[in-house]
Structures are given as C-alpha cells and as structure tokens.
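Shared chain: chain A. Partners: chain B in the first complex, chain C in the second.
The block that comes next holds the complex of A and B.
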C-alpha cells in the first residue's frame, strides 16, 4: 500500500509564513479532502508535497523515501498548469510522457479518452475551451497511473457532465490503490468524494473528521 | 528530461525560422559571391563565412538577434505560460535547466553549422580552386604572411592564425574547423541569453539587447586597441570582436585565444549560477 508521510513541514517566503508545522499521513486507496478559504495555503501545500516548491524544514516521505530521492509517480492537477499553445492536446501529452518514458502512445490516448477528449483531435491547445483545458490537465495527471494524485480545485471550470466523469475517475484511481488528495472549496466535491477531510486554516492543517463538512 | 527539451526545440517554429533565414542568406551569398571580387579568385575567397565578405558583414549585423530566435526565450516562455509545471513534476529541476541549456546550444549550433556548411560545400564544389585566396596568392606562394602573422606590423600576442598549418594540408578541413568553432560559440551565446532570462523574467524583448550591446562594446574596444597599437609600437593589440575569432580570415588579426576561452568559461559559470539561482530560489 502506498503511503505519504508529512512531518513538521514549514514554508515561508519573503518573511511571510505560508505553511506552519504540517503533519499528516495519507494512505493508498483513500481519498483525502483538503478544504479551506482562498489563500489558506492549499495550493502551496500541494506544490511543496509534489516537490514543485522547496520547503524550509520537515520531511515529505513517499513510500518511506524522501521526496528528493523518491521514484514514486506523482500526478498533479493544479490551476497553474498549462501546455504549449502551439501543439495539440495529444502532442502536449506525448511530450510529457517522453520525460518518464513509462507509458506509450496508447496510454496517452486512453487517458484522453477517459477524460472525454478525442486524442485524434488536431485542435491546438490555445483554441481549447476552459473545460477542455481542465480535462487535459486531468489527463496529464492520471495518464501515468500515478501512485499519488493531487487535485487542486479540480472541478473549477468543468461542466456538470464533466463533474460526474471526474468523480468516477477519482474513485477509479483510489480503487487502483493511489493516494488521492483533493483540495476544494466546493462542499459537494468534498462530501461526495472524500474518505477523510482536513482543514487548512491560517497555514496549518488540521483533521476535520470523516467525509462530511458543512 | 534533456531529450524532451531537445524534442521541444525541434518542434518549434522559431528554430526553423532562424535556420531558414540563415539558409536563404547562405544561398543568396553563394549566388552573389563571384560578382564581388575581381581576378582569379579561389573558392576559399568566395565562402560567405570569411570575415571580410559583404555578406558576412550583413550577417554580423543581425547575428546578435538571430542568437535569440531558436530557443533562447524558451525558459521565459515556460515561466510565463506555466508550462514548466507538468515538466518539472516529472523530473528534477536541475535536469530541466540542463535540458534547456543543451537544447538552446544545439539549436544555435545547427542554425550556424548547416547554412554555412551548405555555402562552403557549394563554393568548394562549384567554384574553382584558383590562385587568389584570402591569405594571398597560392601560385606566388605568399600565403604564410597572413597565416603565420609575419606581415603584421603592430604588436599583438597571437599573430599566427589558428589552424594555420591545416590550411596548407587541407583548406576545406581548415574551414570546417572554423565553422565548428563558430557554431560552438553561437551555441554558447544562446546559453548566455537563456541564463540572462533566468534573472530577467519579464520583458522578453529585452533578451535581444545584451549580446548586441556586448558585441558593440567589444567592437569599440577592438578599434581603440588597434589604433593605439598602430600609433604606438609599445602597445599590444588585442581583438575583442568574437566573430573575428571564429571566421577563417579576418582583416586585422590580433586574435588572442585566451580571450575566447575566457568568454566560454564566463558563460559556463554564469549559466551554472543562473541555474542554481532558479532551482534554489523557487523560481520554478
């Protein structure tokens, strides 16, 4: 079973505290919700946990290995993620797939189909609608079947059909054994999907309880 | 990670635009070449890459801007579009930066190497090997004056042309060696511009300025140094114009190769410091 252990994480930037003593353990096969107000530090937390941002102190262990040395596959959906506008969605994903070189063309096509995009569509990324962009970001997050999946405000720009599809994908990923973390300020996302909920408040993370928030 | 950046460079229009500009110039100056000089000029004389041709003078003017086109703005583009996020998630940031540097080096190297090689091959294949070379008259046997620097009247630390001996053995190979040097330096200048972009993360247009300014300053210092050496036998002339170091023939000489090595070392160190800054300061 995959496990993500976070202990004593602190992060500050230009004198401002962004994360304060973050401690948690996340296990595979479960979906964790992280909720909190805008600016509470959810996105920073995800960036630190995925190694996109350096932390000042503390440890992040993926299956017992420090984040810097870990070989675990991580998938991330974050608002900031973007792609090369002059390439099609498929070409963008193929470019990314070439980095780890663990999946091939068929896997990329399957990931696109899972999120409801046509892999043969030659439309360039800059012509994509907001919803299509969000779907493509989700496709890049799941295409390598990551052991750890981080989804930051995942349903922000997806329509209702898209939301149902997204819920289904999240459940499938957790059933596969992945550790799934979702940060959202949308209560229905948290209530419908998560097994455990954490609250991000004043840059600290506290356990809010089992899968229901009001 | 490194392969991805190279693949990305080859997928972008920018590289092909730069390559196209240079290739078109290469063909134009191949066609125009025999109309310029007079006499029984040899194919070495007609090669576009020689420092004295009008074609090379035109090329020198746009060279500082061409350096930026293939891939040097790629880091700043990634940063502004956030396209670096899904990439750095899949590999470490050091390799991402290294990949950028290698890709920009390859792009700039090829932008120079391919069109100039084309011109060189065409000149050597289709124009005759005649008497008059850039270094003197082959039949009169006075090439060594320029090649070994015995004709230079002012003091300069390195009178002999680099690879001078190779020219007597194989003029084509001599030109290839200089072309490799030219392409290498162009690659390094691309790395330099990209390293600058790691500090100057906005105003992409400003990336066209640094190499142009540095080359202008180098040109001014070279002129000053030459005039002082000519007017005063106790002064030593050192050429700071980098394009004179990488062209098979230049009219004023004075190429002191430690200057070139120094430029390469400074660029390498600056690139390393810039890369470390980006990784350690959470720029990406």
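The block that comes next holds the complex of A and C.
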C-alpha cells in the first residue's frame, strides 16, 4: 500500500508564514479532502508536498523515501493551465510523457478519452475553452497512473457532466490504490468524494473527521 | 513531439551558416582580390581588434564582430528556462532533482554552442582561404582553435547567465544584465592596464609581438572555469527555486 507521511512541515516566504507544523499520514486507496478558506495555504501545501516548493523544515516521505529520491509517480492538478499554446492537447501531453518515458502514445490517448477529450483533435491549446483546459490538466495528472494524486480545486471550471466524470475518475484512481488528495472549497466535492477530511486554517492542518463537513 | 523541438534546435544551430555569410558580406565583397595577408591573420580579422597596453599589443575580441555571439544568445537565451514559463508545475513534478536537470540542460546548451560556433568559424575560414588565395600555414590551427574556444566560451557564459537571470527578472532584463557583466569585466581589465588583468577580460586572449601571436591558454582555461562556476550557481538556483 502506498503511503505519504508528512511530519513537522514549516514554510515561510519573506517573513510570512505559509505553512505551520503540518503533520499527516495519507494512505493508498483512500480519498482525502482538504478544505479551507481562500489563502489558507491549500495550494502551497500541495506545492510543498509535490516538491515544487521547498519547505524550511520537516519531512515529506513517499513510501518511506524523500521526494528527491523517490521513484513514485506523482500526478498534480493545480490552477495552472499554461501548456504550450502552439501545440494540440495531445502533443502537450506527449511532451510531458516523454520526461519519464514510462507510458506510450496509447496511454496518453486513453487518458484523454477518460476525461472526455478527443486525442485526434488537432485544435491548438490556445483555442481550448477553460473547461477543456481543465480536462487536459486532469488527463496529464492521471495519464501515468500515479501512486499519488493531488487535485487542487479540480472542478472549478468544469460543467456538470464534467463534474460527474471527474468524480468517477477519482473513485477509479483510489480503487486502483492511489493516495488521492483533493483540495476544494466546494462542499459537494468534499462530501461526495472523500473518505477523510482535513481543515486548513491559519496555515495549519487539522483533521476534521470522516466526511462530515457542513 | 520531442522530435519537433529537436528540429527547431537543429535549425537554430544551422543558422550559423547564413549568419556568417550575411553579416560579413560587405567585408568579403570589399576585400576580394585586395588582401595581402596570410589566411590566419585574415581569418582573425573577422573576430578581433588590436589594443596596445604599454609595449604589449593585446588582441581583443571586437564588439562589432560579435553579432554572431549575440544572435546565439537571442536564439538560445531562454532555451533552458522556457520550461519555467510553460507547464512548470507539470514538468517539474516529473523531474524531482531540478539541479541535476539544469546541469544536463546546460550540457546540451554547451554542445549546441560548440556546433554553432564551429559552423560559423569554418564558414569564415573557407571564405578566408578563398579570398586570400594563399596556402594554409602552420599557425592557422592554433589561431582557429583559440578563436573557436573563446567564442564558444563567451556564448556559453552569456547564454547560461541569461537563462539563470531569466528566472527572476525576465528575458530582456536578463540579457541586459549578462551584457553588463561582460562589460564590467572588460572595463576592469582596461582600467588595470597590465597583462595579468587581461585575464579578467573574457574578450582578450592573445598577445601580438609582431612576428608571432601568443595565445593565453590560461585565459581560455579561466573562461571554462567561469562556465563551470555558472553551472554550479545555476544548479543551486534551480534547486532552491519555488515554482
């Protein structure tokens, strides 16, 4: 079983505390919800956990290994849709797939189909609607069948049909054994999807309980 | 997909050939049939000028002959850091050790600079042989190597600096800062007015004692040490950069 252990994480930037003593253990096969107000530190937490931001102190262990030494695949969806505008969605995903070289063209096409995008569509990325961009970001997050999946405000720009599809994908990923973390301020996302809920407040993370956010 | 980007890089490198021809065309046309110097000296005249420090004549790279260097910097100035501009989050969740990644990208840049520079120098050399109409002399090899190595070092230093500064201040300011650094080094060397200070000047490598040109091998080595230092700085910057 995959496991993500977070202990004593602190992060500050220019004297401002962004994360304060974060401790948690996340296990594979479960979906964890992280909720909290805007600016509470949810995105920073995800960036620190995925190694995009350095933490000042503490440890983040992926299956017992430090993130820099870990070979685990990490899937991330954040509010950043800056793909190469001059390429199609498929080409953008192929570029990312080429970094770790663990999947091929067929896997990329399958991921696009799972999120409801046509892999043969030659539309350039800059012509994509916001919803299509969000689906493409989700496709890049799941295409390598990651052991750890981080989804930050995933349903922000997706329509109702897209939200249902997204719920289904998250459940499938958890059933596969992945550790799934979802940050959202949308109560329905948290209530419908998560097994355990954490609250991010004043840059600290506290366990809110077993899926009972009102 | 990756092949598409490789082709773009190959085209950028091959641009050295038309660049060599276009920016020097007036020199070729005006010199045809009227050059009375050996191949080595004529070849050098496309890159360097002569400055006298006391009794010593030092040959320095002339800014007006460095268009090809600046074009390389423009072509490759954000080759490494463009990944920070597009898809940074999704790119770097797949690359855990960003420092090591920066070093490998820097090595690719070094290779590109060497090939681009070699193409440029070879085109100039061929034209020099044609225009002077003379036999290739023995000193040509060392002249060629010196010019080739120094130009490549200059391109690599500037391009790496632009890439690193781009992370914090954007490409335009990064280019200006990199130029200013080279300029400051040149001014330091000129103000010091002695042989040793020439090492500060990345554009100065040769002493001309009229009969023979002495190359400052140590100076070239110094440039490549700077390249290594910049790579280490880049490694640290990338490691500590928050995305």
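Just so it is clear, the second predicted complex is superposed on the first by the 213 of 214 C-alpha atoms of A that agree within 3 Å, B and C clash if a C-alpha of one lies under 4 Å from a C-alpha of the other, contacts with A are read in each partner's own complex, and residues count from 1 in each chain.
The working rule: a contact is a pair of C-beta atoms (placed from the backbone, for glycine too) under 8 Å apart; a residue touches a chain by one contact, two chains touch by 3 or more.
All figures in this text were calculated on a predicted structure; none of them were measured in a lab.
Asks: With everything superposed onto chain A, say whether chain B and chain C fit together or clash.
Replies: Overlaying the two complexes on chain A (C-alpha atoms) leaves chain C and chain B clashing.
Asks: For A:51, select first, second, both or neither according to whether it touches chain B, chain C, the two together, or no partner.
Replies: both
Asks: For A:70, using the defined touch cut-off, is the partner it touches chain B, chain C, both, or neither? Pick first, second, both or neither.
Replies: second
Asks: Is A:99 contacted by the first partner chain B, the second partner chain C, both or neither?
Replies: After superposition on chain A, A:99 lies in contact with both partners, chain B and chain C.
Asks: With both structures fitted on chain A, tell me whether chain B or chain C touches more of chain A's residues.
Replies: Counting residues of chain A touched by each partner, the higher count goes to C.
Asks: Going by the contact rule set out at the top, does A:84 touch chain B (first), chain C (second), both, or neither?
Replies: In the superposed model, A:84 contacts both chain B and chain C.
Asks: Shared contact residues on chain A, chain B side and chain C side combined as an intersection?
Replies: Residues common to the chain A contacts of chain C and of chain B are 13, 50-54, 74, 76, 78, 80, 82-84, 87, 91, 95-96, 98-100, 140, listed in rising order.
Asks: What residues on chain B touch chain A, complex-wise?
Replies: Those residues of chain B that touch chain A are 1, 3-4, 7-8, 11-13, 81-83, 85-91, 280, 282, 284.
Asks: Report the residues of chain A in contact with chain C in the complex, numbered from low to high.
Replies: 13, 47, 50-54, 67-70, 74-76, 78, 80, 82-84, 87, 91-92, 94-96, 98-100, 137, 140-141
Asks: Show which residues of chain C lie in contact with chain A when the two form their complex.
Replies: Chain C reaches chain A through residues 1-2, 4-5, 85-97, 239-240, 242-243.
Asks: Quick check on the complex: what are the chain A residues that touch chain B?
Replies: For chain A paired with chain B, touching residues are 13, 50-54, 74, 76, 78, 80-87, 91, 95-96, 98-100, 140.
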